[in-house]
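Both of the next two complexes hold subunit A, though its partner changes from subunit B to subunit C.
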Partner chain A sequence: MPLDTSTYSLALLRVDGRRWNELRRLHAQIRTQAAADGSSYLEMGHTKVMCVVTGPSEPGPRRGGGIGGGAGGQSKDAEVVVNIVIAGFSSVDRKRRGRGDKRTQEMQSTVANALAASLHTHLFPHSQINVSLHVLSQDGSLLAALINAATLACVDAGIPMTDYVAACTAGSTSTYAANDESADPLLDLNHQEEQELPSLTVATLGDSDRVVVLVCESRVQISRLEGMLAVGVDGCKQVRELLDRVVREKGQRMILEGTVEKGTGLNDLD
Partner chain B sequence: MASQIHVNLSPAELAYLHASLSLTPPIRPDGRSPDQYRPLSAETGILPGTNGSARICFADGTEAIVGVKAEVEKTGRRWDDDTIFLEGGGDDEEGGDKEKGSTQQGGNKEWVELTVEIPGQRDDDSATVFLAQMLSEALLADGGFVERLKINRGWHWKLYLDILLISPPLSYPLPLLSLTTHLALLSTRLPRLKSEGDEDPFFDDDWAAAPYLYPRDKKARPPVTLLVMAVGNNIIFDPAKEELAVADVVLAVSVADVADRKGKGVEDEDMDVDGRKLKLLSIRTVDPPSRLTPPGVPNASNTAYGHASAGATQQKMPEARAVESEAVEGVWKAPRGGAKLAVMGALVQKVLQKGGVADEVLDALEAVDLS
Partner chain C sequence: MPREAEPSLNEKQFVIQALQENLRLDGRELEQYRPLELTLGDQYGVADATLGKTRVLAKASAELTVPYTDRPLDGIFTIATELSPMTSPAFELNRPTETEVLLSRLLEKTVRRSNALDTESLCLIAGQKCWSVRVDVHVLSHDGNLIDAACFAVVSALRHFKKPDTSMEGGVLTVYTAAEREPVPLSWLHSPFCVTWSFYGEQGEIAVLDATWLEEQVRVGSCTISLNRHGEICQISKLGGTPVEAVALLQCSAVSLTKVKEFSTYLDEKLAEDAKRRNKGGLLAELSAENDR
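Moving on, here comes the complex of A and B:
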């Protein structure tokens, strides 16, 4: 069913009732998986992603189809190996994607490079950090959800990093073909909008304006790009706040439950 | 087929494990009784986009998610449906009749597609393919499952089962994946059929009215595959990876409850009180790591110890071989030779007996709230 963009100009409301600068509901949990070094679960709207981090550990034989970022093997820096499994039941119509799927591979290398750049991999020479991401449900902004989930899992694994890598998507209210100069930028697209409208995924480091990832796979007039990017970077700051709150809440709960040793106070976390 | 989980234990540790597991009663490293499963937490209906879904977490932290999706598909007519009557005499005709009857009642194996995803392993890895094969074999072994997918003569449901192992594979994941699949199938609902007879199917769009694939008021339940191992004469259920490392025999036994199947449940002598009738569907042997350990090379014939030609040394000292192959107390030695028939029999018996482990597992999964 094609997206009807004509109604947007009437009430300035999108198909799911959001304003142009509103994020969908972002819900996240960390330490969801007892057996892993770090794990997280993240929902952005109906996009649901799970992440499990193993390592830093000694690199084993490379068996899976994971794609590494940063240095690897015998070098001074740890290698970040990302493996994305898109479950067959994740989309509306079941579609099976093999390991060799090019889109999956590209997302793997994007996430791997983004993490390798912000994790302090030089602290773990000759080792490997395995990130496996499971996509349980897809509704747009998949790459952004994957990056956010991976960041949370790395925080849980206790791997030192520069700052949160927070990602979100931005788009524009009219299609490329419409060539509408007055098109407004949109924040956090869902699947329906992503299919029709030009969109980009942007990730920034913490609440600075430093862009770590910028992926745009659709055609868009260059004049609109700046507005989209500005809205995207702004969205990343909101996402970073949300991720930070999740980590802090979990940390406070761990202190209250006595999982963390006594010396740390609740206020040390703020 | 190998269970490729590697444990780094020394020969002395393995021998200790083997010795304590072959005591009566056996002492397991995690303190469970021989027929006790690991405690687990389970939930169903976690993914609203699927027909049925489930998630199970074992106490050791391993976790799996299964999603079931169904599609309506046209049943292709088999070429021999009609043509078989054109040739052959009376005997053949009877056979043809039977076959036609069976295709009409039952289903086809291609109506179910099952995939297993294990992180860090290729999906065409032999171990993963074997796991998927074992799980789908259990589903298909009892024709009752595909029979449920039939809509009418022209149409049927095609069921896709996607099994994800979320955690790193800490122990052999077969029991976990099988239990999760069982639970996902229990929670699977298919839209209610509105059309009648052989019309093109037309469904009720009210999801609340959708019936379960396995109706709750009936007794029949999807199959479960249990992992059972034997050390000496002891039978141990749901082994952890350390226990698997010293196993003599490992079996994957699939059972299902077929209580309300017509024709088969008539002779009710082994029907128990609550009407559960367990049926053995399949048995597979799984190679424990101990089977993959090559027998040691005696030092006397080991070229690494400075013996240039092993053959010559052996001829000179025939007693060297005998000394090396003898069992030494406190040192692990991989078992050689096949499993004892009596042990295999006892294994299967123990799974199927009333109030046994299979019963217990089915009861526990029954108690999970379906949402």
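Moving on, here comes the complex of A and C:
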């Protein structure tokens, strides 16, 4: 599907009318499933993801499919097991993806390892944290949306963690073939742009510049990496603010509704 | 399935402490590779790469098949990775472990998705006949840094490989045996190589190249960068692990480029040496089906 990106240089507007440094609408909810330990729903543009966290709990019998970020049930750290289900109706062409799909398995292990770096897994020895992610709609930046949703659900589950792991994508305006130096970096790519332009997914820990996940799957000049990474890291900070606001608003609402008592620790919410 | 034996606490601490003092157990610099050696087989398309005690054998082969219906103009190119119990008891046949999945995905992204091999040139008759090129990766011994060794072996095997020459005349496709016409190399566009960094320390501030198996077991994170010598990044994957400063990653990518250039020159030398060995008395030029236009 060829995309006419040549118009970008004329108006400096992208296919969906955004500027280079604009995120798409990020809408998120936490505690969407009352019965789950932690749950979240996240939309980044038209990419929609649901997440349910179970645990930390006793590890059940080992099932296939899930790939762990920890070292097994007997270790002194909790194991993070991530399962990703990509719904058949999530993309334009209905493509059947089995559990054995290597791309999905790679994403599972990426999300698991990213969470394991931020969660205080050493507090829960011999246990397992199950993260189940469902992709309802795909429109680019899938891995970033998955990481953000998983972070929110872990916050909701009340698992101690260092900070938010916030993720977003960054790209570069011209394809690798066009070796022009005036290429602008772009923030938060949609599906159309992802198909056409070099892109990378960045996830950072909290407010810092420290990169947890960096995935680039397209050919790009090494000189453009710096610009793309800078824009990506900056985007992650914006995403972190948005996620933080979601958590705080939910906390405030829960106090107002009387779901939780206003305790000393919760004073700093308002 | 037996679990991989973990190093003892003392061993772990010793390795980490040494790294913090800029020392490695085998006396290398932090950014130094183990000696990389490549042996090209007598047959075209066999490459055996050794990196210290890590040894990977890659074998390329080609056969005629029907192209996929959705891509009638493209040939087929697959990379098959198999980690057998011969390498380590933790690997089982027909039950891919996480290591194996990630390795095959990395090779896929580095070599296949970056269009290193021009698949369109493998098509002989649109929608009817095409070459199916397959590379089998066998890990013979695993002492860390499987990814870089495997990637080097795959690229070497493909660069060394020659497929039978063909001709089309009046709608008749003829495939020539090696005796009739000298086989032709694949149409190769660029050579990507993987460079894997391992990170150590609380903040992941110590970056080490070409970790051995012991070093790999105690690392807190890793990042694989694939580049070609023209400075094009084909793939980066830092899949979780301890967070690393963005600036440090940029430095890593710059160092990776110099390493990739070294790999590239080494492979070119080896291939030239092999071609010279085969071309005794300069007779190959007469057998060649290619001509100067």
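Quick note on the criterion: the second predicted complex is superposed on the first by the 262 of 270 C-alpha atoms of A that agree within 3 Å, B and C clash if a C-alpha of one lies under 4 Å from a C-alpha of the other, contacts with A are read in each partner's own complex, and residues count from 1 in each chain.
Here, a residue touches a chain if its C-beta (ideal position, glycine included) is under 8 Å from a C-beta of that chain, and two chains touch if they have at least 3 such contacts.
Quick caveat: nothing in here was measured; it's all calculated off a predicted structure.
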item	value
Touched partner set for A:160, first subunit B, second subunit C, both or neither	neither
Subunit B versus subunit C as contact partner of A:110, first or second or both or neither	second
Partner chain(s) touched by A:54 [first = subunit B, second = subunit C, both, neither]	first
First (subunit B), second (subunit C), both or neither touched by A:229	second
Of subunit B and subunit C, the chain that contacts the larger number of subunit A residues	C
Subunit B versus subunit C as contact partner of A:132, first or second or both or neither	first
Touching residues (chain side subunit C, partner subunit A) in the complex	3, 98, 101-102, 104-105, 108-109, 113-115, 203-204, 221, 223, 227, 231-247, 249-250, 253-254, 257
Touch list for subunit B against partner subunit A, complex	47, 49-50, 53, 57, 60-63, 65, 67-69, 71, 115, 117, 119-123, 125, 160, 162, 164, 166-168, 170
Subunit A residues touching subunit C - in the complex, by the definition given at the top	67, 69, 72, 102-103, 105-106, 109-117, 176, 200, 204-205, 208-223, 225-226, 229-230, 233
Interface residues, subunit A side, partner subunit B - complex	33-36, 46, 48, 50, 52, 54, 63-66, 83, 85, 87-90, 92, 94, 96, 98-99, 130, 132, 134, 136-137
